Amino acid sequence: MSPILLAEQVLNGLQSGVMLFLMAAGLTLIFGVMGLINLAHGSLYMIGAFAAAAVAGATGSFALALVAALAAAAAAGALIELLVIRRLYARDHLDQVLATFALILILSEGTRWLFGSFPLYLNMPAGLSGTVTLPGGIVYPVYRLALIAVGIAVALGLWWLNARTRLGIRIRAGENDREMIAALGVDISKLYTLVFAIGAALAGLAGALVGAIQSVQVGMGEPVLILAFVVIVIGGIGSIKGALIGALLVGLTDTLGGVLLPELFKLFTDPASAAATGSAFASMAIYVLMAGVLIWRPTGLFGART
Amino acid sequence: EVKIGMITTLSGGGASLGIDTRDGFMLAMEAAGRDDVEVIIEDDQRKPDVAVQLADKMIQSEKVDILTGIVWSNLAMAVVPAATAQGKFYLSTNAAPAQLAGRGCNPNYFSVSYQNDNLHEAAGAYAKSEGYTNPFIMAPNYPAGQDSLNGFKRFYGGELAGEVYTKLGQTDYAAEIAQIRASGADSIFFFLPGGMGISFLKQYADSGVDLPVMGPAFSFDQAILQAVGEAAMGVKNGSNWSKDLDNAANAAFVSGFEETYGRLPSLYAAYGYDTANLLLSALDVAEPSDAEAFRAALKAAEFDSVRGEFSFDTNQHPIQDIYIREVIKEGEVYTNKIVATAIEDRSSAYVDECSMN
Amino acid sequence: MSRERLLNGALLLALIVIPGWALYADEPFTITLATRAVIFALAAVGLNIALGLGGLVSLGHAVFFGIGGYAMGILASHAQSYTPLIEWPFVIEGTKSMPVIWLVAIVASSAAALLIGLLSLRTSGVYFIMITLAFGQMMYFFAISWPAYGGEDGLSIYVRNGFPGLNTLVPIQFYGLCLALLCLVLAFNARLMRSPFGLALDAARQVPERVRAVGLDPRRLQLVALVISGAITGLAGALFADLNRFVSPTMLSWQMSGEIMVFVIIGGVARLFGPVAGAGIYVLLEHLLGGVSEYWQIFLGLVLLMVVLFGKGGVVGMIAGRRRDG
Amino acid sequence: MSLLSLHRLTASYGDSQALFGVDLEIAEGEAVAMMGRNGMGKTTTVHCICRMLPAHGTLVFDGHDLSRLPSHRAARLGIGLVPEGRRCFRDLSVTENLIAAARPGHWDAARVEALFPRLAERRGQRAASLSGGEQQMLAIGRALMTNPRLLILDEATEGLAPTVRQEIWQAVAALKAETGMALLVIDKSLKELRWACDRAVILERGRSVWSGTMAELTPEIGERHLGL
Amino acid sequence: MADPVLATHGLSKAFGALQASDAISLELRAGEIHAVIGPNGAGKSTLIAQICGSLAPDAGRVEFLGRDVTQESTQARAARGLARTFQTSALAMEDTVLQNALLGALGASGRPWRFFSRASRDAALLDRAEAALEAVGIADLCELRTAELSHGQRRQLEVAVALTLEPKAFVMDEPMAGLGQEGSKRLTGFLDGLRAQAPILLVEHDMDAVFALADRISVLVYGKVIATGSVAEIRRDPLVRDAYLGDEA
């Protein structure tokens, strides 16, 4: 493998990491900061993608599609929080798991009922299609560079919200002791609805942005959900920095594992079975990474030590 | 009174395939208008254990005579051996894994669609006939994916620029596209069913790499093409059916399907339709309760297939022509047209392993 | 007699009466359905020991379920094709005898639980959920792409395995076998909950530092609980594979882990009969709603949602009230 | 007119009733001690006032009927709580704990740090790793950040060193004198309560059984109700 | 003089720049109550954590019954007979008071690997648990769930659980905290008698109790022992008055 190809693959890994962060960002907020296990996060991602596809199909405008994705996911998030999640903060994680599992069923099948079973069309705007040549001769799609930019902007925004604003501090306080923060005069219920809606909107945004280069279909949210959890847990729950670094690690491991492991096995067997064996190990790579990180650091890379 | 049990995927991510299967099947059933045939349809959720449970239910409490409808090979492998072991007939509308064509063939099992390798073989034959000398081939790492690449290689037979297995369910193909770019390939063959194919094609179209692309029909089928859009234009795909196949049965099927359901039919609909017609033709001759006679009637395949000439080989898999289609745009709709015949009278690679010779 | 005991009795009675009726009315599929529920209940009883008593929220129990399933699949497929499992250093043949398969399933899944436990118990809370999920995913992807035993296509066993003195192909006999195992395990579980071990485990879940301060090692208690739990779920996996005469990687998927967990939660965490009620209700809902509409999962979702929102402590909690110990 | 007035207050935890009729009046600027043996309902009464536990009976603060308000609204009317067991926000730093509670008024982080210099030294430290006494100071500081008109101190000097305790009582007295803040104080040290409070109520088995000025609290009464 | 039951030699622990324990050497002798007092944040709980094994010291040793236990786990030390109470109650809140006490008895018995017998029917365990609850005066609460106890009642249970261990030494972190006047008085009387059973290392801010109970007092300031002596000596010590006691002396 030539050095330039390797460099390109490293870049691909980092890029896919940022994309993963974008997908995980909303979950970081809801899970990491509010401490709520929201399995329905993937469904909110799907709702964003479907809303975008529907609006893009009707109006032809990608900008409007993004707005629609944000709005639809935020609205769905707020509604879900008011009707369901609100009753679950005081319960243990298990009730949250079951309730949000039920929400997956409802939202997925509801979406299918509305939009049918066939994948939808959503493409990137013409202005962002095509490639640029980076220094070193790497040809790279413009749209992916735009995704990197959005991902980094979201990371900074979240970090600022969480660490630097009173809203962020109060939310984290509520995560420690809801009753107490309310007794100090903070309307924590309203804050939580707001945060949940923001998290949902981020999921919707990711769904729309990533949906333009992937397939928009029912069920698209579930693989993302698992990956997003992997990312957050590797980074350490509640840490935005951790989520970003976790995402980059996962992106790199996944990409380089898929590329390098088959090469490695080619040293031992014929190309066809090397490709198969290598890719078999590659598909386990991120889980091996996660288990390894947790065994080494039981609360993730940047999680709070007790 | 004959009962037919259809087990197919009607909910969740893979539902579109099952829905087309069902709609094609029912189109033929309703056209026949026979009130002595009852079809029971159930949703397998794409889970093997649910499919097994449904098969048990249909056999044990509904007492069906014939089962059909399963889309996925892994579900077929869960249901078919047990069902045929209990003396039921199974007619496959899609999935036709190698085991069931070879060592595991069974007198009560018929594949009406194809043998899984066929469409990949067509792409391989096409690559050879086009004179490609350095294709890059790619499929997900699971049995069907491995069969796919083997099928392609079987009829292509030349050098490869690269052979890559991706993860099942992968959504980002930047790394593979970079490998393709660097490999010096002169063409690409890929098998990535469902959403994986959509993702790959969108990303490929935006990558600046511009090589001819081939694949089996699954990734370029009617339902999926609309989601891929412009990115699929010009792609060559191997198929045993196309909506522009010139025969009377096909014309009637395509217009009837469009009229009834308001959309163009897919491959799966065509297989469903053919399966129903095959069944009906056999029911005209014999009752399923008379297994010997019914089997013979099925095997005769006295029906008008939408694929034109159609007969069964000794392993009860089809012998048929396999074509190459090209993705085109008709008005606002993306669809396919046949551009070549890849292999004539193709049976399957495993027929000699089947003991029913 | 407490309401919970009455409820437990009623559930047990239903498990006997319903299949009895089905036998009488010649509805063999109802028996198959009941068998499915009983096996799922067994898997969930296993999980409940880790999750309810030990507080170990494992999202990787499909590993044990799947290992049990593959123990049956591998042994039976070798017996079917008359090829030995291994030939070196000594020959091991496949088998079609259920008791042997069960034993292998239990040993293999406890070994897996021991290994996973040793590594995972360093973490706790949500991290534990995720690390068990990680092990589950590793097994799943391994099974999918490992060609020897069918990969994603799985392994088909054409005839059910045998049990001395029974014809397991007769639905009611196989059902009886599964029910007997479930009762055995429930009886064990009932003893366990009140035993000294149960007391210490319960405390280890709530205040590990206190348990340490009285001279016990909470992690070791939890490890033993996980091993017991994995063994039971593994046994259920072997039965499930036998019910379907088929095993595939879906038994190892995270959705499977999630489903087993859902059985426990809807039934009632840490309640003896919670998993039984949960599995029964789930199988019943799946069966009844499946015919209602193509979008039946919406209704399933709504029912589950109602159970969490309005029934604290699952169905058993709803009916029998809050848990009383002692 | 009294700032806070409770009349025949009753409350239950699920099936078990904990308060059977508590009467309590606190006037603007007054410091009242609430006394009673362990488990007699002092904390329960505080929870009712802060709307953390539903209650029956009259519950009026500054002319507002509290019994219909959610907890945060009651707090915004000017009730500040230093809860039993401190309950600092574990994962937040000292400064963040203070910011989380902040509401406009003359108390801000700088003033709190001036009152408790130890907190200034530990500004960036996670609350969970503070020493017991430091957490207690933080809990008081946090309640002050809400700029309350009534400050409730539930065992606020538990676990504090004698010197610190003296400082706190002095600070409390100064607060009262300076800002006219009313106080409801639960504490076990009778000596210090006498020094800091104007009046006292005594609870016994969920009922207020005695009330009067500190001077009226004779040793006999102490012996009868408090087991002194 | 007999060997001390429990001793620390030069225990040191730093949290970043903060020296929480600075070469602490202490002894707890048979039959005595040795009080450790000091300002908040002086490092008392940190010292206890190192003695009991939940925190590893940077340097120094812990000796218990003449054996170096520095490398041993918390549970191993507890099994040797070192009982502690926590500054913030650590109890199984969902369980009953009796079950919490039974847990202590079970720990002391060292036989938790019994899967079939019933814990609440085990006479040996039950006797121990009930005796301990009786001793601290909450035997009548034994069927209540711990979450239903008031703060003070939980403090009492905390001590009872330590008692069930029938240990060779007690380490208590502010057992009086949260107890009312009456409760403190009662516990003081109780601890007074307990020293005959096993010596007590007592961390406490309740000076009435400390002065009434302690045979010796060590004063910890900024992680250092600045004075050790009898009650009278400590009360007189101007350094201690300044750093800690104020007018309490």
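Some observations on this one:
Each chain carries a letter (A, B, C, D and E) given by its place in the written order, and its residues are counted from 1.
Methods note: a contact is a pair of C-beta atoms (placed from the backbone, for glycine too) under 8 Å apart; a residue touches a chain by one contact, two chains touch by 3 or more.
Quantities reported herein were computed from a predicted structural model and do not represent experimental measurements.
Contacts with chain B and chain D are shared by A.
Centre to centre, using the average C-alpha position, chain A and chain C are separated by 31 Å.
Chain A and chain E have CA centres that are 48 Å apart.
Computed centre separation for the pair chain D/chain E is 29 angstrom, with centres defined by C-alpha atoms. Averaged Cα coordinates give chain C a centre that lies 44 Å from the centre of chain E. In chain B, the residues that touch at least two other chains are 11-12, 141, 146, 165, 167-168.
Remark: the chains found to touch one another pair up as A-B, A-C, A-D, B-C, C-E, D-E.
Partner chain C is touched in their complex by these residues of chain B: 10-12, 42-43, 47-50, 52-53, 56-57, 60-61, 73-74, 77-78, 81-82, 85, 97, 99, 141-144, 146, 165, 167-168. The touching residues of chain E, when paired with chain C in their complex, are 52, 54, 73-76, 78-79, 83-84, 86, 90-96, 98-100, 102-104, 106-108, 110-120, 122, 125, 143, 161, 164-165. On chain C, the positions that touch chain A within their shared complex are 51, 57, 119-120, 122-127, 129-131, 133-135, 137-138, 141-142, 144-147, 254, 258, 261-262, 265-266, 269, 295-298, 300-305, 307-309, 312. Interface residues of chain B, counted against chain A in their complex, comprise 11-13, 15-16, 19, 141, 146, 149, 160, 163-169, 171-172, 174-176, 178-179, 181-182, 194-199, 202-203, 206-208, 223-224, 226-231. Contacts from chain D toward chain E in the complex involve residues 13, 16, 36-40, 43, 84-85, 118, 129-134, 136-137, 155, 158-166, 188-190, 226-228.
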